[in-house]
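Each of the next two complexes has subunit A plus one other chain: subunit B in the first, subunit C in the second.
Let's look at the complex of A and B:
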């Protein structure tokens, strides 16, 4: 089907997130206003005004009531999804990057960038049921890894936190004590900055994308490397179909190196791979800048991509898609 | 590099000395000025000169012997004389002249040491002043300081050299006996150099040998494929062997830049150019010709870059490579280079000029050898403002007899193209139009093998068409030309033999409006790739010239290089690191089917290993071609087996992958269920994540938007 072009951001997209029901799509961009859209027809539902810097990441609670966003204005904010009201602001001394609600939505992990001599850090915050009781205190702060942490997510049963970032290493931390439990192997792991990380629907495994032009699939508990998907462009975004054994990689030549000669040179396609056989199945063209964000609708029947070009493209799959055989 | 103490060592030392490290502010420590504890700061590296210039330490010192022995009073005078002589050649270092004095007699010892700034200057000084006559009794004997030691080691008694027992060498052509008749290629990406088999049946390459930092700039196969040459700072080396790649020989040539094999791979020419010490001077050029098998220097040439930069188009370094062009086919009998108004032809028996003199040709611009015969074609441009016509002439070597000459008028440029068997020579002539404002192009076609070498003139139908590319069919009678000015030029095919008349050139066809700017004939002829590289983004058209039909069109996006394998069965197209993206190569069958593609970052080179010419006579080859069906049966059966095996293997592999994945899935399912309860607890008892379990309730919400009351007048009494 023809993709739906959603033009609402004025700056490059950074992150896309569907709610659990798959009827809402949240988008973050380098302009300061996260936006929510109807995931079916791409109509804009509203924006969340209040940040004063690029918004890097967001997460929505299971009941679609609360939204958390991490921004370069050195804060993370909680929002009421329905009204767009700011519920709480977590202030930091450096830009916030990744945010993720834990199972049960009582905890959230927020990462902050290295900034003005401060090292990067992973903060765990308690999220109160009643926003009026919310405090900014950290339950746990983890420091240690060099360079930016681009993504941090919760492991099974909130017992672990998985982080990945500029130093190309995937780490698993104990979410109680902050102890480092596991580290990915330098030999088999990524060679360059890990740009994205996404969990499977059942949180049993996760996929990382890296500028080393590959994506890797890991077991979430043992950190065993299961699969590697090799492509020919730096990977900025990854997504896994919840329905079929497909993974999608998005990326492209770095925006600063994009040639002006031919749009194909940049490789701005979203590439589909067979999850098990690690073979390329196809590609979806359209963006005229690198793809920065990808997300699958929880029903697996549509996906959306966000690009450096400022567009969100919403793709509903054709019926043929569900019968691809290789 | 200085060793940098690790934090751990520092801690260990601190605890030994009883210092509490946490109380020490490491940043407040100031080293005494001028002391760096052997730790180099990062910018010091930048100031460091290339240390290899001084390898051995004394390469820039010469020893001058046979000086007059003088008493103390005349010491200064002698020193002045020596200084005068030697400072002409290069810059003597401060305190770089040292004349020892005999402590008993207070006289000089008759020799002195001179230290120059660079080894090149020292070498030059040695060359220029050895045997210099100061007067009748004092003839200088000059040596490099480094060599003195070497000379001292020479034993006084002559000992007969030991005869080593003969050890049979490896079969250097073992690769040709590959059972599957595959070809090899070498690729260079990043710091790795790899030799691989092209296993087209299995749709993947099979590794042979891999090595990191194998070469410092590039690799090159010898023309018959026996050796792989690598280039290093100290010189060149060749590698080969039956099963792997061992170093067979080294050729010392410091700072070698370029190398070139003779066509029969008997000789190797190496080239280097050296910065002059005086910026006003030109670069010094050193060329060595080695015997490939023995490693002996057969002849060396030295001089300024100017001497070697005549004719042709000079490169950045000032010379057009190869400086020496080899002639006379695979026997490597002759090599030649162009000079000012001369062409110097050398023969390899003695490595001297033929007849001890060069061929004098006023104003010669360019020359080329026939690929098979000792025949030179040379081009002289117009002289005297058009009074003397330009000419192309063919000269037989070694007799230096002119076989044929053709005068041409109002010529701006000429290019020569030999057919690979040396049967034909095409000269592309650019002529000025009458107004002299533009040029148009024509071809002069020489039939070398026919009596008196007839010449035919060919002009394109549209004379003003620009010629973009020209290529002869290898071993054939046809050629292809890309011509036209539009962004989609035309491609024409011509044959030197028409069906009715074997002595006339005739046009076969013209393909209109093709996106192509380069031509790549299959080495076996018949097939050609019309390629649109660079501006055309890697368009490929596989064309059959026998049938005059396109077999396939394809694209290797951004392709920069195309190379046929030596048998003409496969083609490699590659994107080298001129672009950042897409680096790697594709292997195609001759009819344009993509077999496999490999991506490699920082991809520099792709080279097929050449094969020596076939031993089969043309008659035999023809016979094989006639009975091809018979022969191919066997191979077809093999192919079938392989493809069956492949699909079998493929199925196996897929099955294995699926099963493995299945195992993971089951494991995850099990764990997921185990954790189900706990998860529920985390969600305050909210039912689990399964979508099926929730109940859909339809809630109807009515929103009252607006309520307004209005009194409507209603008239009953209308009737």
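Let's look at the complex of A and C:
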């Protein structure tokens, strides 16, 4: 395959997200402007200007009309996807990290980093159908975990919120009361910071990637560990194919060590694993630096990766990919 | 459908008729004399027939029937909203982009999903494509101990059963070059590594011992196909008896097989049987040639 290279960001990529139809790709980077691209040919559709810091995460509503972004400028913003206009700004006292729309797009979860003595927190916000009625009040605020919360997503039927972060523990919270329901086991769980978390297409299980050089597959309800994928590099990003039983891990050594390492030895490939057999299927090379973000097109026929090198690489699979046998 | 007929010249340029202009300048059009174009189908199998009529070079009427099969592209479906979004106006920084900025490019490099091992090969040949991992493992491609015959566990030099071997030896695993040299025999003018040159300091009998060892029940296999690897060869010869060493000559520059290799058997009888059986054996479209590695004196 010949990947499409998209050079719209001047700083390392942080997050990638496809909309539900798979025709738009949203990219967030440490520069201040999230960007939307056409996912088939990589043409840039627009940028969302207004943030004043690195943008860590984004999510798009099911109808692809609204975008939410979380940024290090201590705010999360709602955007009109079509025009790039700012609809609302949620202001916090510390940098916003993860954002996720609930099913139905009526709620959103936003996490904030520990900052200036403030602990990290998970905020649940009500999202108004009409942006003019939007308020900044939190429906629920959960405090508790130590360290940064790198990802927070909604569980099945919006009943739970799943969070993971620097303390290497996956937690499931009640989204109504804010009570801690489940915690991942210290023995079987990750040993280092969890950098990424992604749900399967049917939301029955989810995958976490960690700097302990492994990725783990969990049941979303019982939080039982299903599979572990071991690699030789810290995992920065994970993705799951919605079409095949494939898992993609992206990573590489620390950004600080990039210039001192040969790119061939740096393990900057996106590694494909068989979801069931936990065996490596192959690697896709290309980035000059660690991969920070991975996303699968909802149709399962293409995926994109964003790297520390500031490039988004959009890969449309060759036909033989769909017939790979171990 | 303008055709050129020989002997006809354009009145506008009677003197010199340039071939490049023939197509466009042919003013006379007799197409109206022809029956109209007919399109039949596509039928349920997607077969479409197009019947056209035209004049050929001699001015004769020709009927051309083109049969094509129409297939729908694999699920090229797009939701209505996605089609609508396609026509959305650019916004933000995307509005005024210089043509030369080339934000989106197609990679000039063909990127493949690199398999960790060739499809179809067994687990034992698994080598991670990472150079770091390889360094750590010391190249566990085919680690066969020649002393005890154990595979993938240790190198010959580190064999824990070394002391139990019939002849205690001072042999240290040499790089491939010295091995090939030793096995293929010293031809005149060929490079001889310093350690093997006459007068070179070496433990008494060390070099010759090594040579003898490599010659022992060594079978030369030639006319191998380029993608034959050591595990393949091992697989092939294993059926005849215990194999102590398999080696396929690899071109240092290209990394491709040079088409020959050596197999050492523990037992001479096994080697004999292998030669009898596999010489002239068709393997990978090629006919193998299997013989004793060195001309036997006995």
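We adopt the following convention: the second predicted complex is superposed on the first by the 323 of 326 C-alpha atoms of A that agree within 3 Å, B and C clash if a C-alpha of one lies under 4 Å from a C-alpha of the other, contacts with A are read in each partner's own complex, and residues count from 1 in each chain.
By definition in this document, contacts are C-beta pairs under 8 Å (C-beta built on N, C-alpha and C of every residue); 3 or more make two chains touch, one makes a residue touch a chain.
Note that the coordinates shown come from a computational prediction; the quantities given were computed from them, not determined experimentally.
S.K.: After the match on subunit A, would you call subunit B and subunit C a fit or a clash?
M.R.: Superposition check on subunit A flags a clash between subunit B and subunit C.
S.K.: For A:93, decide between first (touching subunit B), second (touching subunit C), both and neither.
M.R.: neither
S.K.: Mind telling me which of the two, subunit B or subunit C, contacts the most residues of subunit A?
M.R.: Of subunit B and subunit C, the partner in contact with more residues of subunit A is C.
S.K.: So, does A:232 touch the first partner subunit B, the second partner subunit C, both, or neither?
M.R.: After superposition on chain A, A:232 lies in contact with both partners, subunit B and subunit C.
S.K.: Figure out whether A:185 sits in contact with subunit B (first) or subunit C (second), or with both, or with neither.
M.R.: neither
S.K.: Counting only touches as set out at the top, which of subunit B and subunit C does A:176 meet: first, second, both, neither?
M.R.: Once the two structures are laid over each other on A, A:176 reaches no partner at all.
S.K.: Return first, second, both or neither, reflecting whether A:277 touches subunit B, subunit C, both chains, or no partner chain.
M.R.: In the superposed model, A:277 contacts subunit B only, not subunit C.
S.K.: Regarding the shared-chain residue A:6, is it in contact with subunit B (first), subunit C (second), both, or neither?
M.R.: Once the two structures are laid over each other on A, A:6 reaches subunit C alone.
S.K.: Thinking of the overlay built on chain A, is A:285 touched by subunit B (first), by subunit C (second), by both, or by neither?
M.R.: It touches subunit C, and subunit B stays clear.
S.K.: With both complexes overlaid on chain A, does A:104 touch subunit B (first), subunit C (second), both or neither?
M.R.: first
S.K.: Is A:205 in contact with subunit B, with subunit C, with both, or with neither (first, second, both, neither)?
M.R.: In the superposition, A:205 touches subunit B alone.
S.K.: Which of 116-124, 152-160, 476-484 or 638-646 in subunit B clashes with subunit C after superposition?
M.R.: Superposition on chain A puts subunit C right on top of 476-484.
S.K.: Would you mind listing the overlap between the subunit B footprint and the subunit C footprint on subunit A?
M.R.: 232, 264-265, 267
S.K.: What residues of subunit A sit close enough to touch subunit B in their complex?
M.R.: 62, 102-104, 106, 156-158, 202, 204-205, 213, 219, 221, 226, 230, 232-233, 245, 253, 257, 262, 264-267, 275-277
S.K.: For the complex, give me every residue of subunit C touching subunit A.
M.R.: That would be residues 75, 78-79, 81-82, 85-86, 88, 90-95, 97, 102-116, 119, 128-133 of subunit C.
S.K.: Across the complex, what residues on subunit A touch subunit C?
M.R.: Residue positions touching the partner: 1-8, 21-24, 33, 35, 37-38, 41-49, 63-64, 82-84, 232, 264-265, 267, 269, 272, 280-286, 299, 313, 315, 317-318, 321, 324-325.
S.K.: Taking the complex as given, what residues does subunit B use to touch subunit A?
M.R.: On the subunit B side, the touching residues are 537, 557-558, 579-582, 584, 599, 601, 654, 657-658, 661, 664, 668, 671-672, 675, 678-679, 682-684, 689.
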